[in-house]
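The structure appears below as structure tokens.
Labels A, B and C are assigned to the chains in the order they are written; within every chain, residues are numbered from 1.
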Amino acid sequence: MTKKEKTGKKKKLSGLEKWQSERIDITQKRFRVGDYLAEKVIKGVAYLSIAIVFLIFVFVFRESLPIFNTSKPATETAVVGKQDSQETYGAVTDNTSTTQESYGSVADSSSKTNVQETYGEVTDQTASQEQNILAGDSASSKNSSSDTYTVSAGSGSDDNRTALKSMATKEWVPVSANPRYGLLALILGTIKITFISLLFAAPLSILAAIYVSVFANKRMKEIIKPTIELLAGFPSVVIGFFALMVLATFLQSVFHYETRLNSFVGGIAMGIAAIPIIFTITEDALTAVPKSFYEASLALGASKWQTAFFVILPAATPGIFAAILLGIGRVFGETMIALMATGNAAQMDLNPFASVRTLAATIGAEMAEVVFGDTHYNVLFLIGSLLFIFTFVINAVAEFYVKGKLMKRIQGK
Amino acid sequence: MINSFRKNFKGVAIEGITLFSALLIITIIIVMITVIFIGGKSQLSWEFLTSFPTEGMTKGGIFPAIYGTALLVIIMSIAAVPFGTITAIYLTEYAKESSFIAKTIRFAVRTLAVIPSIIYGLFGLGFFIKFVGTHVDSALYGGTLHWGQPNLLWASLTMALLTLPVVIVSVEEALKTVPQELRAASLALGATKWQTIRKVVLPESVSGIMTGTILAVSRGAGEVAPILFTGAAYYLATLPGLGDQFMVLGYHIYVLTTQSANVDQSLPIQFGTTCVLLMLTFVLNMSAVILRYRIRKKKNN
Amino acid sequence: MSENKIHTENMFLYYSEKMALNNISITIPEKKVTAFIGPSGCGKSTFLRSLNRMNDLIDGVRIDGKVMIDGVNIYDKNIDVVNLRKKVGMVFQKSNPFAKSIYENVAYGPKINGVNDKSHLDEIVETALKNAAIWEEVKDRLGDSALGLSGGQQQRLCIARTLAVNPEIVLMDEPASALDPLSTAKIEELIVQLKEKYTIVIVTHNMQQAARISDNTAFFYLGELIEHDKTKKIFTNPEKKQTEDYITGRFG
């Protein structure tokens, strides 16, 4: 071995002879820049996924922070407290009709029947005024609407205190001289919708999954499974559109209720969106039950359905539980369907045929219209943080608790 | 005798109920597709796809929305696909399956997959627009508003985060189908790990990366909630650039059905737009399914 | 010619807790064919893989003792594993060509080693294919996919691919076990030719094959090296009873 070769540096080969006569030195670890960098970069990028989850929480929560600042005025609110900083983003191009923002919002039960279909921002001028009056919210009439902004935008610590305090109430009236941010009606609405949609989607999906994994022959399976999985690819705005245009009318003609858009319609529509999730996970869980369970049961003289219900289903319960949990997560955070098919009125009402407003829909409808840095803005972000925490916990439970249990059950203790 | 009949009857009934459930779901799907297709069929024309909306969006076409959707998914893919592919490479090639960090990353990816899309919208607003955008503005433009407001770039990046898990999961699946023997062969020839990944593993999983991209595009084209306040616009008379707000199919459906003053007049357009969006996601999903099927078949051979 | 190309001393290998190689001490001479025989699961492949550190890819593998190649312990901290694998090439039981053209398969090794010049590459590819006795069969379709070749051709292509990197030692793990008799004969012939230039270690289940092509034979049993000697000696007059039982088929 010559000195030159020992340096371990890449040399230009002058020909085949040299290539063949080259003796390879293995005693010196070579530093390969490309490999080193590639590994570092790949590792860094991969770690970013973890960072993103953190960042999402941090930045969503950060924007809600000023609301907790009850001692001194937040700097951010001071900046945007000026009149001319009223940027309206997204939707409304027609700036002459400054009425917009009468946020669904009516908690007064007397006005319930009049609030038929409001989608966050009502563009129809007369309708919105009518609503405002009905709500007894004189401050948000046409002329004073810009003042309203100033009042709420210039909010200091006092406003934050009242805002925080008002959260535990039922009234969601974010845009008025006296804004109230009662979350109870929104939370109730979200829970109600979630409940209805699960009542609809869970049995249907689980039964369908049982059919596919236990009873169906290969051909049926190959038709049903991909079709249901196709549903997972439907954009929620399409399902929302279907609910709004077709389902709402259809269901109303069957059940004869008053308000066309309500938690029932919204719940069914969201159920449709949740079906593929619950179906797929349940089906996976059922298929994961070892064949031996099935065969042993059949050998003992049990019929197919008995095996399905008394052997396979119990073994897969944790998986089905996970499926339902993730279904809940899907419905809880669903925005577009909620915006389009629920009627968007925040009211405390257990009647499934009453309009509701969900947490996610509230963010979707109002964020584009709100003044950056305003208390209202902060409250919407706070709602976002709540949704984030909720889905995070649901996912964590589905992941760790359920998976652990499933493993134990299938593999024996 | 009677007893066994009863038992039998119960079995048939139960199988019937499960079959009924499956068929009901399929019926709902078929009804949805049919209704939307029939409603939108009359609208579907070259004209509709290539012209601007007219008369307060009650007439004309949806070209700007198609254009915006295309730009959105392209920029989104440029961000999400490399990012997702690299993460998948880390998970399959570098991390040990059982290591704490790999488990944490997998958990993070699944978390990203279940976070409601509206939260991504909030993040886009709070991070890209208010944090990054505002800082860029104060650094480059002396504080005047350029990037600190909703636009195509921020919306696309927000969407990229949302679709990241889709890409990661697909690519990971594809990487796992590359036979271990090929990696061994390459390493045994004195290739380094990175050379092996670049020259052997990645070329073998191109179709998986494509599947991931298609699925991500399909998802990104249909999602509306994340762009509600990070860049989507009601109506624009001109085609957007990176720093502008933009029209997009899903949002167009939303505003036409719920925000516009003349919902009834624009009904055909609504159906037409929904039909276009549904067909777009349909075709994309179908091709992803076919690609994936081919990958799985290859794996089984 | 070194009598001491590969040399292990008191070598133990564990898969996690399980011991797979038990106190192996062996010396393998240069430019000879050495065959490893033994019943399934006795650790032949494991030992072979430990000679170019392919075992590093498996989680939980631990090695004690010395594995020396050209007098260097290849498990030393400073060893460059990538270069080690260039020096100690490997042919696998199942042929595993890349989904590339025949040419690209063979050029893969030189290319990653920095040979970019087309004419050099051509030269190297041709020499390697000739050395692997497959040149005549593929010279007209170097651009075709390697996956279109027959099993036997694929395996010889894999040998060519290994030779193109210009190794000193070639490890072969049952290279002909999945092939028909004709292809097997070709490979055997090839191996005998190759020992002019390379040190060859081959694992085989085929006793006749070992007898035909190898100079030395090592018999493994339950992770231990039972006997290692000239092939002639092992097959005619083995020292150990176990060896005799195994090669006469009176085993178990």
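Following the convention adopted for this analysis, a residue touches a chain if its C-beta (ideal position, glycine included) is under 8 Å from a C-beta of that chain, and two chains touch if they have at least 3 such contacts.
What you see is a predicted model, and the numbers here were worked out from it, not measured in a lab.
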Note = Overlap of the subunit B and subunit C neighbour lists contains A
Message = Between A-B and A-C, which chain pair shares more contacting C-beta pairs?
response = A-B
Message = Just the number, please: Cα centre separation of subunit B and subunit C in whole Å.
response = 48
Note = Expressed in whole Å, how far the mean CA point of subunit A lies from that of subunit B is 15
Key: Centroid spacing, where centroids are CA-atom means, of subunit A and subunit C in whole angstrom   = 56
Remark   = The positions of subunit B in contact with two or more other chains are 192, 195
Remark   = By the touch definition above, subunit A meets two or more other chains at residues 32
Inquiry  = If a residue has to touch 2 or more other chains to count, which residues of subunit C qualify?
reply    = 82-83, 86
Partner subunit C, residues of subunit B touching it in the complex = 96, 98, 179, 181-192, 195, 199-200, 203-204
Inquiry  = Going by the contact rule set out above, which residues of subunit B touch subunit A in the complex?
reply    = 7, 10-11, 14-15, 17-22, 24-26, 28-29, 31-32, 35-36, 39, 83, 86-87, 89-91, 93-95, 101, 104-105, 107-112, 114-123, 125-127, 130-131, 149-150, 161, 164, 168, 192-195, 197, 218-219, 221-225, 228-229, 232-235, 245, 250-251, 253-255, 257-261, 270-271, 274, 277-278, 281-282, 284-285, 289
Query = Which residues, counting only subunit C, touch subunit A once they are in their complex?
reply = 69, 72, 74, 76, 78-80, 82-84, 86-87, 110, 114-115, 117, 120, 123-124, 127, 166, 168
Query = Where on subunit A does subunit C make contact in their complex?
reply = 8, 10, 13, 15-16, 19-20, 22, 24-30, 32
Query = Any idea which subunit A residues touch subunit B in the complex?
reply = 32, 34-35, 38-39, 41-43, 45-50, 52-53, 55-56, 59-60, 62-63, 87, 89-93, 119-121, 123-124, 203-205, 207-208, 210-212, 214-216, 224, 226-231, 233-242, 244-246, 272, 275, 279, 303-306, 308-309, 326, 329-330, 332-336, 339-340, 360, 363-364, 367-368, 372, 380-381, 384, 387-388, 391-392, 394-396, 399
